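Below is one structure, written out as C-alpha cells; the observations come after it.
Chain naming follows the written order as A, B and C, and within any one chain the residues start at number 1.
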Amino acid sequence: MADTVAQVAPASGETRRDFLNLVTASFVGVGVGAIAWPFIASMNPAKDVLALSTTDVDIGPIANGSAITVMWQGKPIFVRNRTTKEIEEARSAPLADMRDPQTDQSRVKAGKDNWLVVVGICTHLGCVPLGQKPTDPRGEYGGWFCPCHGSHYDTSGRIRKGPAPLDLAIPPYAFTNDKQIKIG
Amino acid sequence: MMRSLKSLALAAGLLAGFGAAPVWAAGDHSAPKLPEVNFPFEGMFGHYDYGALQRGFGVYKQVCSNCHGLRLLSYRDLRQVGFSAAQVAAVASTVQVQDGPNDDGQMYERAGRASDRFKSPFANEKAARAANNGALPPDLSVISKAREGGASYIYALLTGYVDPPAGVTLMPGMNYNTYYPGHQIGMAAPLTSDGQVEYADRTKPTVDQMARDVASFLAWAAEPEMEERKSMGVKILIFLAVLGGLAYSVKRKIWAHVH
Amino acid sequence: MASGLHKSDIANPVLNWIDQRLPVFTMMQKEYGTFPTPRNFNYFWNFGALAMINLLIMIATGIFLSMHYTANTALAFDSVERIMRDVNFGWLLRYVHANGASMFFIVVYIHIWRGLYYGSYKKPRELLWMLGVTIFLLMMATAFMGYVLPWGQMSFWGATVITNLFSAFPIVGEYIVTWLWGGFSVDNATLNRFFSLHYLLPFVIFGVVFLHVAALHITGSNNPLGIEPKGPQDTLPFHPYYTAKDSVGMVVYFAVFAALVFFFPNMLGHPDNYIPANPLVTPAHIVPEWYFLPFYAILRAVPDKLGGVLLMFGSIAVLFVLPWLDTSPVRSMRFRPVARIFLFTWLASFFVLLYCGGKPAEEPYVTLSRVAAAYYFLYFLVILPLLGRLERPLPLPESIARPVLRGGGPLPAGAFAKPMEKA
C-alpha cells in the first residue's frame, strides 16, 4: 500500500494524507450503499408474491357477444367472446387515428380471434371501465367506457378517445384447450 | 502496559464467556455426545451438496412425508435444490390441494402447483395425534434449527435406534433411541433397510446414506439462505478488515502529534 | 439582529439561512465539532457512540421487519418464517435485528462497566448515570417484549413466567397480571399489545438518550484519570480526534456483529424458539435470552416468590442510588487499589450469576447463585460505602496533560486525593 501511494501521489505529506482520506471515504461510501440496499430491496415484492399464481378460466359458458370478469394477481381481467361485427369494427379501424396504434390481430391469439382478454384497468388513472354487463354504456366505439374521466376503448380494447395514454393491457395467457384459458 | 494487559484480559474473558454462551443457554447436562458427521455445509465456507439435497428430498417424500409436514416451504423452493421447473411441477401435481370457493360457493380439490405450500399429511394437530397413538409428528420445516445439534442430531437420531439396555422397560408404543432426550421416542425407526428409497443417481441407499441425505435436506429446508449468507459474510469481513486498517491509519495520522 | 434571528457563523449560504432560523448547524458544531473532550480517553469511551449506532440499527431493521410481520397468534410464527424465506433479504433483516439485541446488551454492559470502573456516576454526573439506568430498564422491557413476537415456545413460556411474577405482589398481584395479559393467560391480546409497545419503546429510549447526552454535555465527559480537565491543554476538539477514533471502534463493532449475523446467527438464541408456541407443552428448561440471565439467577436465588421478585428489581434499583452509596472522593479505580479488587470480584459475581441463570435450578447452581447474589448486593450496599472512608487511595496526578509526576523529592502540594475537583 505504501509503495503504491509513493508512486501515485507526489511525495508531499499533505497529499498522501488526502489520498488516505479519499480512499477511506470511498470505502465508507461503498459500505453505506451496501447497507442501504437490503432495506430498499426488502420492500420489493417478496418471492411468494412473485411466484405468479395462474388462474384457469372456463370460457365454455361464455356465449358469443358476452363477457366475464375474473381476478388475476388482484386485478380484474375482462374476457370477451366477440361477435363477428365487433371483430370487423376492430380490424377496419384506421391505425393512424390511434394514440397507441396496435393491430387487432396482435392483441388476440391466432385462430381464436373472437376471444379478447384484457386487463380491466383504465390506463389513465386506474379505474375499472364499464362495458362488461349488457346494461353498461360501452362508449362511442362499442368496447368499454371509463366513467372516471371519459376514456373510450374500442372492441379491441384500444384507447380511441379521452385522456388514457395506452390501450388496455393484454395479460400473458394461453389456451389450454378450446374451453379453457390459463392466465399468468 | 499493565493497563492494556488488563483490558486485554478483560476482553478475552468476556469473549470466552460469550463464546461459551450456547453451553450456558442450553442447560442440557446429560445429552450423549453426538457423532461427528462432518457435513459439507458446516463452517465458514460451508456449501450444500446438491446431490445430497436431492436424494434427501427423495427420502423425505417417500418416507417422512407420510407423517411429517413441511408446510413453511413451497414446492417452487425445490428449484433451489436443482430440480427443473418440470420436475417441481410434477412433484406438486402429485398432491391434491384444497381451493375455492368456486362460483357455486363450494370448496374443491385441485392438483398442486409450484406456488403452493407443501401439503401436510394431516389436516390438523388432533388428526395427526389420532393417527399416531397420541404423539404429534412435528413439522420438519425448521427442525434442524429447533433441535440442539442440528443436522448432526437428526442424523444421530435416525441411526440411533438400538435395543433398550438391560433394566430399561419401554412404555407401550415407545421405541428406544440413544440420542432422543429421555431415550423413549414415539416414532419407530423410519429407516430400517438399505434400498428403502430408490436413488436416481448411482449412490447406494444404505441406511447411513439415507439418514445423512435427509439430514442435509432438512438442514437446507431450515436455512435455504445459508450459502448466500456465508458468502456475504466473507465479503463483508474482508471489506471491514480493509476499512479497519484504513480507519486506523487515518486515526493515527490525526493523533500523531498529540501523543 | 432583526427579529431574534440567531447570529450564525456558518459559511455556506443555504445552511446559514437555515441556521439563522433554527441553529441546528451551530449546535452540531458546538456539541460535536469543537466540543472540548478529555484527550486521554481509552477505547472504553467508544461504547456510548456504539450504543447509539446500535439503537439506530435496531429501529431501522425493526421498521422494515414490521412491514412484513403479523402480530396474531395464528400467524406470527409463520410471518417470521415468511420473512426468512420469501422477503428479499428478509433473513438478513431478521438476523441483524435478533443479534442486534445481543450486541446492544454487550455494548451497554461494557459501557456500564466503564462507568463503574472510572466513577463516571459520581458527582456531578449523578443524573447522567440515573438516565442511563433508565435507558437500561427500557432496553430490558423492549427486548423482553420483542422476544415474545416470533411466538415460539420460549417466547410464549418466557412471557408466561415473567408476567406471572407480578402475581407475587399481595392483594393486587392477580389483577395486575390479568391486566397485563388482557385475558386469563398469555394469548393474542398479550401478543398484540407487546407488538405495539415494542414498536413504541425504542422511540422513548431515543428521547431518554437525548436527555442522557444533553446531561453529559453539561458536565463534560469523565476520563480514565477521573480528574476534571483544567483547560484546553487537557482537551481536544471532538472532531476530528474522536470522530476518527470512534470510527475505528465502529469498524471493530461491525466486524463482531457481522461474524455473529453471517456465521453464528442462532448461537445466542435457543433452539426451542423454532418450535411454534404450545400452551399445553412446557419446555424442559425455560431460559430467557443470555442478557437477562444474571437477573434470572437473582430471581431464582430467593426461595420466596415475592422475595425473588423484589430482589431482582432491587438489583437494578441499587444501581440508581449508586452515586450516593459510593462515598470515596476519588473517581477512578486506577487510584483505588483496594476497591478495584472488590469491583473485579463483583464482575466475577456478575458472570457467575450469568452462568447459573442458564442452568437448571439445582445444586450446585442454587448455592452458587445465592453466594454471587449476596456479593452483588454486598458490594454496593456495604463495601462501597465503607471503602470510601476507610481506603487510602493512590495520589492523583496534577492534571490530564501531566499525568506523570516529575522526578523524585516531595510531592507537589495538593497532589493527594482531594474532595471532588470542580470542572
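Things worth noting here:
Convention: a residue touches a chain if its C-beta (ideal position, glycine included) is under 8 Å from a C-beta of that chain, and two chains touch if they have at least 3 such contacts.
Predicted, not measured: the structure shown is a model, and the values here were computed from it.
For the pairs B-C and A-C, the larger set of C-beta contacts lies at B-C. Ranking all chains by how far their C-alpha centres lie from the centre of chain A, first place goes to C. Between the Cα centres of chain A and chain B there is a gap of 40 Å.
Centre-to-centre separation of chain B and chain C, using mean CA positions: 34 Å. Chain A and chain C have Cα centroids separated by 51 Å.
Listed for chain C are residues 82, 85, 92, each touching two or more other chains. Among the residues of chain A, those touching two or more other chains are numbered 48. In chain B, the residues that reach two or more other chains under the touch definition are 236, 243, 247, 250. Those residues of chain B that touch chain A in the shared complex are 74, 76, 113-115, 236, 239, 242-243, 246-247, 249-250, 253. Residues 3, 7, 13-14, 17-18, 21-22, 24-29, 44, 72-73, 77, 138, 141-142, 145-148, 181, 222, 224-225, 229-230, 232-234, 236-237, 240-241, 243-244, 247-248, 250-251, 254-255, 258 of chain B touch chain C in their complex.
Chain C meets chain B in the complex at residues 39, 42-44, 78, 81-82, 84-85, 91-92, 95, 106, 110, 236, 240-241, 244-245, 247-248, 250-252, 254-255, 258-259, 261-263, 265-272, 274-275, 284-285, 287, 290, 293, 334, 351, 354-355, 357-360.
Taken together, the chain A residues at the contact with chain C in this complex read 38-39, 41-44, 46-49.
The residues of chain C lying in touch with chain A in their complex are 60, 64, 67-68, 82, 85-90, 92-93.
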